[in-house]
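Notes follow the structure.
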């Protein structure tokens, strides 16, 4: 990852850049969502960033509503100069973002995966289908508020005796301090996730709160 | 509001606040063992030492090892001061993360662990132990001392509820200060000095007052453990839901700690609430969780052929519906319970008034007990005010019900909860009423536990306990507080209000109360419950 | 992407123009390794269009990582590219160490290098053996699997497991090398050489093999780069991109080794490149074994991240607390995000990890080389015959666990 | 060979009589035609099993048939995702009776540690299973244990699924285990208990406690 590119980006597309960072030598530039494709083209043509490495997203549900929820990440490198850069942008829930397939054909499957896992629609993608999950699948697994153990079987399970989970398996499988229950956290109900993070109440910490069973 | 600087951050404080308290109000924790928001200041653990940049600098002369000269040279280092004792002042500049402060914390922590036994695997505090937390944040080093640690008494019985382990003790004296200042029963003190000193009981006394379990709660390490909780569960498998104590009319706020794998409650802990219980609870209150699981009514009971038969829940519901359906107009007595949530009482009162035209409402509850001026209220019932508030007409005492029955004005009773002030003898008329069988006249009781009213009923319908349902209590001061469902009720048991709705549906009534939200919406706005949310109280 | 109709336009094709036919290969097909589905658009025998559908082995790697502690990711990472688990182990460990800023002792790094290269050898042996078998040459498969088993014996002697070791740790390795490590590694090298020579003797003069690999499944350099291909697939087209050379990590800058590149990116080049890489890996291992310190720790001693000695855990309270904190809450890296990449069995294996400062990863993204290599498979297949799918797909070395994660 | 009823003229004379079913079972158990449904990591071990060192041919089960109609033993090797499940179900239904299913590895047996939105928690949720081979992946030795269990099952016509017992489990514990697949008889158990009894030393009062 290289600093020169960030500087050139600042110079040529200063208006598009929202924020730059270099943590542990990884240079990242966050650009406005609308100039996502423009900057990508510029990277490919002016900087010979011809080698697409990866494209993915991260879900920060707690940013909403002030900030867009998803953060798209693009990793590209140049086969000529061996330079690398990480490009980022923020997309809200349901907002469209320009597809990069015309810039790097390799983005095709990567974008399909992001669409499949996070539900981010891409503008101008040749065929935007689910790729890892099946068409019948509802919801987007890698969103934080999708419960990890919610299955949607295609084949009805046989009735087998004594194969359901018994304690200590079950709701939390003995995970210390329990799993993070994102749904509750977003509802603002969860007092604490683990002793390491969270509010300090009185003298002794509250343990993480449990699931509200219905009602 | 004046402010001072802590690590460059502006902290507002009220005049008289110490640094640590002002920071704590902002949710910033300065490492500490002996300081407790509800206790006096001892400043003896030296963990909260901070560097105060503003004002007159104090310096200590020290000898410093000079690597070049290969000898000790005279040097000075700033004098650190305990954040728990120094009062915050306008524009004060405090450094709790400066090198000197961190060094001091590290050294203090190392000394505290110097003679600590290797007990984490068998210690009940493991997982919520300050020694563990601060080791990670402040020390981060393995042991340097190679010699045998000092040994001190283990497993000393302090009283019926508390066991003391001197080796784990760090002498923060929180327990001593608590029994002295809060419980007003100064039986604890410390003897000896240095690495041999320990907590002892006053000669001839033992730790046996109404607030002994609090000493365990304020203990920042595993020195004091409660005989009720020790060796029962591991805290990192427990989860907490905000609850309200059912012990008395004070309505202390609690954390209900339960294990989601076994759906069982293991302990109650006080939840801070400046308006109600500050940081404390009484022993009887902390032990009320036993009622969530012990002598529970999980199946229905129907009195027939002169004996009580256990029946499944649905049959009990049918029998109850039959009794209520047969009840003569105006001769049905509705007994609300000060032990049940406002929601339960409200639904019972509403349904009876609307669909049965009942106008006789009575209020039952546990008899008064010995109160004190700390927390314990003489009224043992958490929700007397709430029940009164939601009752269609002002409820009569139970004694009146007895006389009404004797006068023959009441031939059927539907009652809530197991508790009653009446004695065995006074209950006799209700008993007789019940023993006539589930026929013309009878007594239906909805309850979670067995109790006097239960044994005087001809039909018993199981309902959930407080830990298994959400609801609202109104305490003696009229503060309405909501508690949350923690564990799943056994065998599909439903809350009392829901059970009543089911019975009503069996009788073909039109009821549009499906969820708790509907009930709360329908409850009189006069009740603050609809507005106020109890959980979790800002410290 | 428009379908490819070259075969129809060609004058010399004697076939009668026929209706395009839809054919479904997989998801359970012997040549599809069980987990890929190809919907083919056929004209006669030649492939007009193909829709490759991965995802039949999606096991929720990334979601599962957001559940446990950082060290609990290793078993999952093992099963990404399950032909060379140690490479994934090391890759993930390096990523988290980059996030924390941990330096691990020299000996540990060398140890990682050697075990990783052994895994790479077994990966290539498996791939070439299997693709030869799918072309009917069963004997090379037997020979190569035989030597692969010897490599696994060494892995087992070191880590205790034949295949899925979970041997890497954040800040080092689980255990130091065993006593006979160097000798046992050097002992099998001649065997590997021998087996490869024999297999090559059988295959490289074999008309059938050559016909089915040479100029089959060609991939042009531009396509390969634009598709994001890495590793053998990219190198076989003539691009000398190897992470070990381009961005040397660990001690790869201390070794002298070559990066084999192909010429016209067909199955034959890929096959040859794999065998050549095995030889390079062996020379790397030889050098590493020489340079590796004879004694010393393989893990760093920062008790916030690395498990303390058992003797400390059992005898001192500090050790007990450290163990308790690491097991129950997990180590806590600083908040932040890094992307760290290594040369995996199939190309650039990247881990993009996000930490919120807690003991549980906030996001673990694995950049799977197979994913992009398989994407380029369409370009390779268009215009070829249906029978060419077998060698082409075999030479890509698609590993379901890594591709679908 | 099943239960030999009667040997006429000694074995050298070379013919014995037995029940037809036993003979059939004996023939079937040594000529298993397998359909390898290989999806994941376990496939690598499956290669090793088929490879020269472990040589599955010894058990007469080496011939793979990639058409379910020609196979009578279905190896489910590796994780089965929800998306793959219909294919597995279909293939099982296409196989002709008599057919057996062997769950190769932990994922196939119970889903393993992939307890999430996409993985089937054990193929017995989809199709009936005859033998479970635990292990992630199982060692070839364990696989052969499973194969022999299956042969035993075919021969004796045992009902219900069998599980390969862990290797490290003490023999006594194995015997005591519910649904143990091997029956050494009570005499054996008593003998082992006797052995165990000897090396158990009773603590003298005061021992060990300082």
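In order of appearance the chains are A, B, C and D, and numbering begins at 1 in each one.
By our rule, a residue touches a chain if its C-beta (ideal position, glycine included) is under 8 Å from a C-beta of that chain, and two chains touch if they have at least 3 such contacts.
Quick caveat, the model's predicted, so the values are computed rather than measured.
Engineer: State which chain is most central when centres are taken as means of Cα atoms.
Structural biologist: Central chain: A.
Engineer: What's the farthest chain from chain D if centres are computed as the mean of the Cα atoms?
Structural biologist: The chain farthest from chain D, judged by C-alpha centres, is B.
Engineer: Roughly how far is chain B from chain C, going centre to centre by Cα mean, in whole Å?
Structural biologist: Here chain B and chain C have centroids separated by 55 Å.
Engineer: Using CA atom averages as chain centres, what separation in Å is found between chain B and chain D?
Structural biologist: 54
Engineer: Averaging over Cα atoms per chain, report the distance between chain A and chain B in Å.
Structural biologist: So the centre of chain A lies 40 Å away from the centre of chain B.
Engineer: Centroid of chain A to centroid of chain D, CA atoms only: how many Å?
Structural biologist: 43
Engineer: Two or more other chains in contact with one residue: find those residues in chain D.
Structural biologist: Counting only residues that touch two or more other chains, chain D contributes 83, 116-118.
Engineer: For chain C, write out the residues touching at least two other chains, lowest number first.
Structural biologist: 55, 58, 60, 63-64, 328
Engineer: Can you list the residues of chain B that touch 2 or more other chains?
Structural biologist: Where chain B meets two or more other chains at a single residue, that happens at 127, 236.
Engineer: Touching residues of chain B toward chain C in the complex: what are they?
Structural biologist: Result: residues 113, 116-121, 126-127, 131-132, 135-136, 139-143, 236 of chain B touch chain C.
Engineer: Quick check on the complex: what are the chain C residues that touch chain A?
Structural biologist: So the residues of chain C touching chain A come out as 1, 53-55, 58, 60, 62-64, 66-68, 98-99, 101, 223, 225-229, 239, 241, 246-247, 328-329, 332, 336-339, 341, 348, 350, 352, 354, 356-360, 362-363, 365, 367, 371-372, 375, 404-405.
Engineer: Under the touch definition given earlier, write down the residues of chain D that touch chain A in their complex.
Structural biologist: 82-83, 85-86, 89, 110, 115-118, 120-122, 124-128
Engineer: Show me the residue ranges of chain C that touch chain D in the complex, using the header's touch definition.
Structural biologist: On the chain C side, the touching residues are 27-30, 33-35, 55-60, 63-64, 75-76, 79, 82-83, 126, 130, 142, 145-146, 148-149, 152, 162-164, 400-401.
Engineer: Residues of chain A touching chain C in their complex?
Structural biologist: 23-24, 26, 50-54, 56, 58-59, 73, 75, 79, 82, 86, 104-106, 108-110, 113, 117, 126, 130-134, 141-142, 144, 146, 148, 175-177, 179-180, 193-197
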